[in-house]
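Each chain gets a letter, A, B, C, D, E and F, in the order it is written, and its residues are counted from 1.
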């Protein structure tokens, strides 16, 4: 059975943790869509364009991965893309509860789509985009959290904010 | 001893989970006040009037339940209403911690008032108002999360937001 | 409505935390049965007789409380005693999960019986019978964990074990 | 890519929760092996033969599922069976931690094998084999936790224990 | 080895829990800096000046403690102050995860600086600045959460907000 | 102030996680005692002699560390050794709760002794002695969990068990 999976997230910014999940998921399914959710109420840190550009660059070596964005319900987008599987990474207890709430909702909305969880690698257990944003905001070095292409964007976004 | 209990919440919107807790609590106490807290700093999703109206309709069959609202400290309102017991539902670990912080504070403020927790029914373990608001915001179907009267209000509220 | 509640546990040994829950529960219901479960597979630390004796002495001032024991399913005993409500204390996350598993099972076995949870007082948040047993086993002073009558029994039980 | 997955467990006894995970996993992979681990130090409740027999009967309708047992390291068995994927169900926080410890160990032992987690259905959130064993031991009705074929075995196992 | 430690926080407002951690930490290290972080994006409840003033007054009896503020990365400030140790209090599960994320980030940013955690005293297990702010906002009495000097500031801050 | 700290544990067997905590703690205090608790009710996996021998070998490079064992209450041993500080590693939620129960008990038994927690390094977040014992029991390779000297002892212990 040819499996097409979707790995959704806000990726604001993408971290080494996200890239690890995407890479491992790409080895498990025939095709993987890394999908940037753009419909949050919150003001983003990186623009959608920057998030897509950096993810695309980071995923360049993985032939069965494509990067995309969506702005409605995830399950609608997944269905439209022919994905039966949603992939998410799990790090810690708070993730667990949030992820289960979302997975429960998605199952009620579209029972035929299944959510699969991958455990984050040990070294990414406590790595979160929110921490990266906070370090960047305070002028810290984010090179141990995100790949170089993202780091440059993060630095630029922080400077732009400061200037305002 | 004639027990009068209060079930406070923001109920924004009321979900099947809230209704279940209210119904079960109404079977345990002589009188139950379902009390909509209106003093949050946050901009509500449903108006207080809509929340009271929908709760009142949903509770219509329970003769010992009345729906009300309050805008100061919960323990002041509870005391003024002659309630010795606060009822809250518990779903998951994050609830647990938040609820315990609030219950601790309420006990210090008014030691004579006790907080009792009911466990959410299995099928509501991961059902949260925040998930309902998010699904509604994205145009999804909320009929498996909330009763029909609430669903109509939720749809209307989402449309009004979109229009802004 | 005259409410009869049951507060079950292994109480091996009873701690200040158990006594606090029992006392608070006795103020919420017309009658309260503190019920020592005797059917565990595990070798108990205190005998059932000692647990009942010490609980009875500690509860002596509460006129609407009686101490009892049971050895089958809790819900069967609760029903036989005319109790519609099971009371349990909650301290921490591990409690929470264990208690919810048991409450879920009890609800499926007897849907008409409701489990209510009381939050442990702050100073008992991390107090557990297992810790008391461990301290006693190593010859430590348990007077800050259990009332004097229990302390004497705990000391005696530890000595008897050592002698074996 | 033809995916072969393994769903390991002690299944002592199999519950509705296990069957749900197995059924959903069978829809996600080309082949699924439900594998009963037989090497625990603990005295089992149901014999391995009974666990295999009942799982086989329950899985009869799923053509791509086979039931098996193993008694060494899971990753050795998975590799010998040509499985790249281990499937596990997740219910609650304590599961989460235990499962992550095991998944971490399995990844270090065999980095090429990936563990995927499925979220338990709402109604199985607090259902555990240990609860079923306890209810059975006390003579309670386990029909809302396990399928009929398992229920009969559980009853028999409890009676045999009692007789000893 | 002469140890200099830093106890950072937003202390908005300082609670009895914060004071307890500071006092205990001051007994463990040669010098302790209680450092008010001023760089949050959020609108503070108490001004930095008020937070420093009240902490200074509360710490007056501890000769090896000084109160300070900082507005960049904590690890930069710690290093500039010659502190090898960051001290933090831990109360509950949600603290635990947040604190570990921050500690992980700080370790990656400055591997030579170590974070040490102290367990909050039982009676402060569920005491949080956010609860104090909420009680104050609703006109409640905060005297069981914060020392008198803080209470006066909290009352004043709430009145000023109301007036707006 | 010359600080003497104790790092107690069962170390059965010592893992890379234990060694990391010991090493980091040795950099924070003037002297560190790594203390093997020998009074557990449970049958140990490695003998106390083997645990002390391997810890001593692994700590050989750290001049301010000594390895010892104790068999009564930890706080009695700590006090006899002139230690004001107990050091423990924290990994996950279940650790957190267990550790807090023990720390609470130790504080009540000896208020002058303080427990400090160090966060486990990311790569040891899910590494537990129990997992090592289980892998060893099943004949797996434990070299990614424990240092070579421990691995040899673990292998020998597993063989001896098998032979029985």
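Keep in mind that, in the parts below, a residue touches a chain if its C-beta (ideal position, glycine included) is under 8 Å from a C-beta of that chain, and two chains touch if they have at least 3 such contacts.
Not measured: the values here are computed from a predicted model.
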*Between E-F, C-E or A-F, which shows the same interface as B-C, counting it as a repeat when over half of the contact pairs match?*
E-F
*For chain B, which other chain has the most distant CA centre?*
F
*Per the centroid of Cα atoms for each chain, what is the distance between chain D and chain E, given in Å?*
47
*Provide the C-alpha centroid distance between chain C and chain D, rounded to the nearest whole angstrom.*
33
*Of all residues in chain A, which are in touch with two or more distinct other chains?*
93-94, 100, 103-104, 122, 125-126
*Let me know each pair of chains that touch one another.*
A-B, A-D, A-E, A-F, B-C, B-D, B-E, C-D, C-E, C-F, D-F, E-F
_List of chain B residues in touch with chain E within their complex_ = 39, 41, 72-73, 75-76, 93-94, 97, 100-105, 108-109
*Enumerate the contact residues on chain A facing chain D in the complex.*
1, 3, 24, 27-30, 84-85, 90, 93, 96, 99-100, 103-104, 114-119, 122
*Touching chain F in the complex: which residues of chain C?*
92-94, 125-128, 130-131, 134-135, 137-141, 144-145
_Touch list for chain D against partner chain B, complex_ = 93, 122-126
